[in-house]
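Consider the two complexes below, in which chain A is the common component and chain B and chain C are the respective partners.
Our next item is the complex of A and B:
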């Protein structure tokens, strides 16, 4: 009898695992959002998750709002504006790729069918530079973070609306790749993104409260007090991997672009509000 | 039957420990080479690499260069264990991640 019960239990576990792996992106997104709604019912309206950890920590939020009155990323926006408007050797500028003010945050990340890959804003910035004979920028900080900050600032209020086109199975594969990455344990500490930012979100690791993943992609690039400078989302990905003693992947490589694709899709409907200040 | 299973598990545990400690007869240089090759192999086959493994391999090499064979052997063995643990993580996680997806 015990054996039968055990077999049935194993069967059910197997079925639930299969169901989890075959659920479509929209089912995933609904379940993801519901998870955070149930975990943090005090966050109202739901759009407030765009403020990261400050959406769940009222005391820290007050301090953060004071910081935002004289934001430490202001200089980066000014520097980014200069870079954005700078005329290339061929007479063109980033405006020729991204419009007059670069307010295109809502267009990224997106699936590029012709190239069969996820395009991010930072990758598009460098491709614009290279296409015009200019040197590409380093992806994690510095000038890239500055120009990205300027474009994000001008895009504030735009809404994340990532699509996974149904007519290209490679897009779904890229999404699934990012999803697998998010839920997979890595590094010597054996942590998945989901372990910290989902299943223990709101709890403390030493003195720091772990932020919810719902809303993670809204506010980049950020000025982090720990860094004492600006950094991009992929810099943060790499930092997280380093923290769990896993070798980080290449910024703007396929692994991180697919991860960005997945977490952005999960946060569909939230507003972009970058750049931001973080601890 | 329960005792039989316990004994089997114990034998398996001892067997695996013996397998990990199989480098006792080898020189530190050979163990370092083995750990480096193992690390590269796991890197080639999976996307799982631990930052600690390279650090321990480097520490083992440093100990060997400094003439401390015993310390070098100890560290190289530790690196081999890290390589094996990485390999097992990759194997286990190839399926287990699915259980963490909320439904």
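Our next item is the complex of A and C:
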């Protein structure tokens, strides 16, 4: 009897190891990238996926490029620079956390092993403020989007290189959670992120063409014409959830941080090019 | 609403000229619901005759009588398209209460007329 149980236990371990080696994050990532390469062979070089829907819409691209010549996010970068350089009551500033010019975009999101959670840049900004006795900023727009725009701008050209450390199973669990989120249908209209940004990417919902998810995390924050202002990635997540009549999650809560971890890992190798302008 | 529809059905069984007027009424009401952005919003994904800038996520809704000789099948597809294809991106209009049963009946009348 004892032997049988041991054998069963052994069998289970063997199974989980082989399952992990069959479909680990790295295999996921390659399949994900391949999916978009096959679906949009016209996007060349592959790095152009950083331009979202414009990478697949030559007709809209020209107008977008002319908008980018006088970028509507320029004011936000300037405002962000002021906030970034502002001296706190204790004499320090955001520079003490993020260096002279805040060009740290490539460090986020990352797995924080001590705390067992995904760290994002916006969360790190607020933690820096609070650690220095300053008031935290709201996550979706305004001052936060401005600081983030300034830091992203100074980080342009850095490459997404998210790691899922193999020595901490909680990191893989966070990744799996984000992945499940991406593929799970939800809301009254019963949509998964993948329904729009994978299975029907490039197709039109009315006149709106849906962007490929490969490249989604590169260009934040964005100035969106529809918002008439800046917004962060988690604001966009919440907007897409609203559209499918699902309850949005909290910006910078665990769900959206894990989702950002997953989609960023999927886009590894692409360049950060935020901030950007969008319709 | 239900009463109206019942009248329409009874009428179509009994008096032909009256029936077509009632049908036309149901079709017009169904069209309004199908086109309404907060209701059916079908044009987001489907081309239908007369639509400007329809989406192309789903197939064009044409020749519906030929494709759905049986109205009940058409109703089933709109009530819960995931029954036939769990991966579909078409919302389950009846199952998820996006439309009421009465609204769905009217939409079926309209779509069947396309």
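Note that in this section the second predicted complex is superposed on the first by the 257 of 279 C-alpha atoms of A that agree within 3 Å, B and C clash if a C-alpha of one lies under 4 Å from a C-alpha of the other, contacts with A are read in each partner's own complex, and residues count from 1 in each chain.
Assume contacts are C-beta pairs under 8 Å (C-beta built on N, C-alpha and C of every residue); 3 or more make two chains touch, one makes a residue touch a chain.
In this text the structure is predicted, and so the values were computed from the model without any measurement.
Engineer: Identify the partner contact of A:207: answer first if only chain B is touched, second if only chain C is, both if each is, neither if none is.
Structural biologist: second
Engineer: Applying the document's definition of touch, where does A:184 land relative to chain B and chain C: first, second, both, or neither?
Structural biologist: first
Engineer: With both structures superposed, pick whichever of chain B and chain C touches the larger number of chain A residues.
Structural biologist: B
Engineer: In the superposed arrangement, does A:196 touch chain B (first), chain C (second), both or neither?
Structural biologist: A:196 sits against chain C, while chain B stays out of touch.
Engineer: Tell me which partner A:237 touches in the superposition: chain B (first), chain C (second), both or neither.
Structural biologist: It touches nothing on chain B or chain C.
Engineer: Under the contact rule defined above, give the chain A residues that sit at the interface with chain B and also at the interface with chain C.
Structural biologist: Common to the two interfaces on chain A: residues 188, 190, 195, 199.
Engineer: Report the residues of chain A in contact with chain C in the complex, numbered from low to high.
Structural biologist: Those residues of chain A that touch chain C are 188-191, 195-196, 199-200, 203-208.
Engineer: Write out the stretch or stretches of chain B touching chain A in their complex.
Structural biologist: Residue list for chain B touching chain A: 47-52, 82, 85, 89, 93, 95-103.
Engineer: Please name which positions on chain C make contact with chain A in the complex.
Structural biologist: Chain C reaches chain A through residues 43-45, 53-57, 82, 87, 89, 91-92, 96-98.
Engineer: Taking the complex as given, what residues does chain A use to touch chain B?
Structural biologist: It comes out as residues 13, 16-21, 23, 28, 31-32, 34-35, 179-180, 183-188, 190, 192, 194-195, 198-199, 242, 245-247, 249, 255.
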